[in-house]
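Take a look at the structures listed below.
In what follows, chain A forms one complex with chain B and a second complex with chain C.
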Partner chain A sequence: MKTNLNVPQSQTVQAFYLFFIVHTIQIGAGLMGVPRILFLDAQADAWISVAIAGVYLHFIAWIMIKILRGYENADILGIQTDLFGKFVGKTLGIFYLLYIFLILLSVIKNYIEVVQVFIFPEIPIWLMSLFLLSLMVYSVTGGFRVVVGTSFLFFLLTIWLVLTISKPITYMDWGHFTPILQTSWTDILKGAQRTAYTVLGMEILFFVYPYIKNKKNIALPVHLGLAMTTFLVMLVTVVSIGYFSPDHLRETVWATLSLFKIISFPVIERFDFIAVALWMMVVLPNIVLLCWMLVHSLKRLFHLKEKHSIFGVSVLLFIGALLVEYRMDIDLLTEWTARVGFWLVFVYPIFLFLYMKLVHRWRRRRRA
Partner chain B sequence: MKKIFLVLLLLLVCNGCVPKSYIEQLGIITAIGYDQAEEDQVKGTMVIFQFDPTATASSQVVSAVADTSKGIRFRANRQTSHRLVSGQVRLLLFENKLAEKGVMRYMDTLSRDAKITDMGFLSVSDVPTEKLLKSGISEDAPNTGNYIQRLIEKSIHQEMIPNVELTSFIHHYYDVGIDPVLPLLSTQEEKTMIKGLALFQNDRFVQTLSEEDIIFLLLLKKDLKDAELQLQLPNEALQNYYKKRSINPATDGELHVSLNEVETDLSIQTKKNDPVSPSVHLKMEARLLEITKDIDLKQRKAIRKLEDEIAKGIEERLSLVVNQLKEEKVDPVGFGKEYNEKHRTNRITEESWRDQISQLDVSFDVEVKLLRYGISE
Partner chain C sequence: MERRIPVKKELYMESLQKHFRNSPDLVNKTFTFNRQTIVIHFINYQVNKDQLERDLLPPLTNAKKPWTMESLKNAIPLSSSEEIKDFSSLARELIHGGVSVYIVGYEEVVVFTLPKQDHRALNRAETESLVFGPQIAFTESLMTNLNVVRWRLDTDDLTVEKFLVGERIQSEVRVIYLKSLANEENVQTMKQRIEDIVIDEIEDSTVLNQLIEDSSSTVFPQLITTELPDRFCNSIAKGRVGVLVDKSPTAIIGPMTLFNFFESTEDTYMRWNIGTFIRMLRFLSMVISIVLTPMYVAALTYHYEIIPSSLLVSLGQSRATVPFPPVLEALLLEILIELLREAGARLPTKVGQTMGIVGGIVLGQAAVQAGFTSNILVIIIALSALASFTAPSYMMGSAIRIIRFPMIILAGAWGLIGIVFALSFLVIHLLRQKSLGRPYLAPIYPFEASALRGTIFRLPFQKNAKRPSYVMPKDESRFDKKRAGTKRDRSSP
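And now, the complex of A and B:
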């Protein structure tokens, strides 16, 4: 496997789109339930957890960009084989593959579960997964530019949902936050760690880097995208803590979606139905980008043809979606994905960076 | 061509997969009442709205007895040709006997079911809810359930009762140091009216707050914007300021004042380590609407005196209301919550607060400003 990629000009995109790529792959299934997850650990101080997690995100992004800048035009798979040799590099690559598959499956399962609970209890799982997977196959076969276009378009189509949160804000009880810092710092940090599932996906930077035309300018859009993500997670967490009573929030599985329950317009009495349906557009860029990462890695690691691997991946996802039936199993899947993701995305890059510096220095010395 | 064919095929296939709901075949439940039935069972009465192009009376009321609230819907389904759906439930009534045992077991299904809106109103009734919903007196609303819903909605809007939406009930139920309240409905010559406020211990209805006292509880609960207030003052409180030349000379009758456009600014202070002695500071601006004695309002002193008397009167009424709350060990004001929000030490818990309520020693400080008094002086 070559370390650096030769990407044809027709497949590259401007660095500006990284904002949408990074932001839309992060925001998705996790955001629906994140307030409760954080609250279970960090109580009313969950917003501090989000702030800590947000700062940490920027740090990791900075590390990632440093790693990528150490090479000319490489992705994580190439970098790993370059640093660790062929065998270990490929094994780590397969780790990434499995992890991306897990997160992809958990996103699909979580969304289908929400649709079944909120709108159509009778809708069969196979049908919903078929819908999502057919859209996924359709955009991924279009190539990288179509994938980026999907994330750009669906970001613009759904971002206005943020404005509807103004109504729950009027119901907020600011007393729920005071006195601040009742939770111990360990619990707050634990809460920050629990944000992982919601903000997973920024590792896509490791994969799309060779496809960026003006590599000098990638820092700004990436950090803006992360800031946007942090802002949204912060917003729903703060509003949920104010809106729900502590014990109520502990029992509310999808707090973000439950916030939509009190929004109503003269023509639409129950806005939550619309919100859940629209959430498909939030989840779709997730699925498409993750699938692209899978297909891209399969091609890099095993030289599989894209067309074949897309269909292979969809069939596997379809089977996976049918096999995981119980809510408990979905939660377990999500939790494991979050755990693996935490180490792989938020800890591993630091080691990789230090190791890379070491290896590069050693090589330079040997050359000299 | 092939693509278009594929799209059409998909459209056809997918159409059959999601169950359809024809509006003519649906019975849309708009109000539910729960009554105590025998042997721990519950009797549910549902007001059902249906879209029938031929009929003029488009609602009907169905009752059924079951063990659970979803069981009621299940049973009631056998009494109607329409499929009953609960996506539009706007009103939930509980008979007082049932509410005394706790309403949360019925609430669970409401908050668990994503189909039910959080904006429905809750109420307690001291007559069987079946009687209320079947009474048929509904002014211009399509049915009685709808009438009651409008009545409550209007009362909340006019600041006659606190907000009693499902979301705020659940909010107050779960919060530590505050208890929920609901309006208490009753009938007067068959017609439904709001009789008072039902005070809750957690989710159990324990006592009624009389209609005249509701406004004083409201004063303690939140900042009001445009409320009305009636007050009786000591008969001779203002005798120095009676008009000298009056067509309607001051008589021996009682002194009543009526205020409207009442705007309040409430602050509750709590002391460290002492959750049971909060002090309430209430600033109030109002317009004098009615006074039963002929007072010379041109004198600044008369207004001052009147303001002081009103403030004193309000303080008395507030402490009476708080005494009633103490007797029943309920805290709809949220004194305990207020303490917990400000202090880190000696925090109260759900259990400890219930016993501490009776030791409450609230001090009041009311400031009244009568800014306007109509077009006569």
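And now, the complex of A and C:
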């Protein structure tokens, strides 16, 4: 496997789109339920957890960009084989693959669950998976530019949902936040760690880097995308804590979606129905980008044809979606994905960075 | 294979007769004077007789000296004379309105072209009618159309290239663009696609359009077909490539994006704020047309909760007697509207209006009274049908009407989830489309802020000094923005 990729000009995109790529892959299934998860750990100080997580995100992004800048046009798979040798590099690559598959499956399962709870209790799982997977296949077979376009357009089509949150804001009780810092720092940090599932996906930077046209300017859109993610997570967390009573929030699994319940327009009374249906458009860039990563990596690692691997992946996802049936299983899946993701996305890059510096210095010395 | 022209007179006349299978329309005349025998041939109705009798026959027969090939070509006061050696090209020239002059003893024939072609004069545009602005439309005659284009685009930069399409029956095709402006890749793609066509004959330019489009499986048109010379010329002046086909009143322009199909030349002729408003209205009406009926179906089939309680009462009352589920009810009415539209298009104009009234008012009113549909659905369907007709491109309007049907069925089957699935599918579908290899959703994706000013909005001309960048013109700047913005009126004291 070559470390650096040769990407044809027609497949590259401007760095500007990194904002949307990074942001839309992070926002999705996780955001629906993040307020409760944080609240369980960090109580009223959950917003501090989000702030810590947000700062940490930027730090990791900085490290990731540093790693990528160490090479000319490489992705994580190439870098790993370059640093660790062929065998270990490939094994780590497979590890990434499994992790991406898990997160993909958990996103699909979580959204299906939400649809069943909020709109259609009786809609069959296979049908919903078929909906999502067919859209995924249709987008990914269009090539990288269509994938990025999907992320960009669906962001534009759904971002206005943020504005509707202004209504719950008016009902917030600021007393829910005081007294500040009642929670222990360990719990707050634990909360910050629990944010991981919501903000997973930024590792796409490791995969998408060779496809960026103007590599010099990637830092700004990436950090803006992360800031936007942090802002959204912060917003829904703060509003949820202020809006729901503590006991209520503990029992509200998808607090973000429940916020939509009180929003109504002259012609639409229960907006949450529309919001949950539209959430498919929020989840879709997630699925599409993750699938692209999977297909791209399969091609890099095993030289699989994209067409074949796309259909292989969707068949596996379909079977997986049918097998993971109960709420408990979905929770377990999400839990495990979050745990693996935390180490792989938020810890591993630091190690990789230090190791890369070491290897590069050693190589330079040997050459000299 | 080249077939030579027979030298002997009898043989020559006989072979021509045989070639045209003794057609009664092939006229031959033999003159003998100055110790010379001259035979002329022409096809009766293809030749302008007045001109023939005034300009060709008198000088031919009044000659003092025997004719030679040279003198024949040069001494007769007609601009189009050609010397032909090949028999089959002689036959083709005769079909195109040529008069062949054959001097016994020569191996060549001189052909004078005096074509007569009946075609209608330039008329008002019918399908793309405008409230104001230039009114003429293209006609079926290629020469007339080219004449209009040359007249509108008064520059020697205008490049016209000729192609012949069709293996059995050939049609003349012209590719038109501005040399200094049109992107070479676009021109090359267009020319390549026209050259690559393998077909026996093309019926019309719309057929050519379907043959050169990027994707034939989608309902969305990718190149604009227009009958308006001003639209055609404006597009070419922006750096696009145009195509005219003989015998067809529709011109083709590309590359286009989805949003260009909602532009009308009228937006340009109106004041910018009104033009922008109208354009926004069209985008809105597209959304209404696609989403409104499916929303009604979804809400009434599955999600009663969405409808505000006050509205629910009146909705329930109007639907109380309707025996069908909302999907069927909606499909029924949608098909009724489509029937009316189709019948209106086919009926002779005199009957058309009456039928419109019968269909629209009587059928609609009766359907509600008979309890077939609810009043509110009639309003919704009428609104979305009306909205679909606001698209300035008839093809785009039809595409929008077609995609409503699967959307209604999906909404009936899976409610809001079905609608969002269909919309997502639509967006990805549009993302995958291309026009002459250029992205179809530009300037939204790939995002180009400067092109939004002219494509999505219609900002004042002084503020919009650029040609749309997604067309990739060689020169993006239309004029100097700074100079254009100032008016040097004498300020009053």
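To be clear about the criterion, the second predicted complex is superposed on the first by the 368 of 368 C-alpha atoms of A that agree within 3 Å, B and C clash if a C-alpha of one lies under 4 Å from a C-alpha of the other, contacts with A are read in each partner's own complex, and residues count from 1 in each chain.
Just so it is clear, contacts are C-beta pairs under 8 Å (C-beta built on N, C-alpha and C of every residue); 3 or more make two chains touch, one makes a residue touch a chain.
Just so it is clear, the structure is predicted and the values come from calculations on it, not from any experiment.
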### Task
Using the touch definition from the top, say if A:P179 reaches chain B (first), chain C (second), both or neither.
first
### Task
Report for A:T91: first if it touches chain B alone, second if chain C alone, otherwise both or neither.
neither
### Message
According to the stated criteria, A:P246 is in contact with first (chain B), second (chain C), both, or neither; which is it?
### Response
first
### Task
Return first, second, both or neither, reflecting whether A:E269 touches chain B, chain C, both chains, or no partner chain.
both
### Message
Applying the document's definition of touching, compare chain B and chain C: which contacts more of chain A?
### Response
C
### Query
Counting only touches as set out at the top, which of chain B and chain C does A:L284 meet: first, second, both, neither?
second
### Query
After superposition on the shared chain, which partner residues are touched by A:F120: those of chain B (first), chain C (second), both, or neither?
both
### Task
Determine, under the contact definition given at the top, whether A:G149 touches first (chain B), second (chain C), both, or neither.
second
### Message
Touch test for A:F16: chain B only (first), chain C only (second), both, or neither?
### Response
second
### Query
Once the complexes are superposed, what residues of chain A are shared between the chain B interface and the chain C interface?
120, 123, 127, 131, 264, 269-270
### chain C contact footprint on chain A (complex, rising order)
13-14, 16, 115, 119-120, 123, 127-128, 131, 134-135, 138-139, 142, 145-146, 149-150, 152-154, 156-157, 264, 266-270, 273-274, 277-278, 280-281, 284
### Query
Can you list the residues on chain B that touch chain A in the complex?
14, 17-19, 87-88, 111, 114, 117-119, 167-168, 170-176, 337-338, 341-344
### Query
Given the complex with chain B, which residues does chain A contribute to the contact?
117-118, 120, 122-124, 127, 131, 171, 173, 175-176, 178-179, 182, 244-248, 258, 261-262, 264, 269-270, 272
### Residue ranges of chain C in contact with chain A within the complex
302-303, 305-309, 311, 414-417, 419-421, 423-425, 427-429, 431-432, 439, 441, 444-447
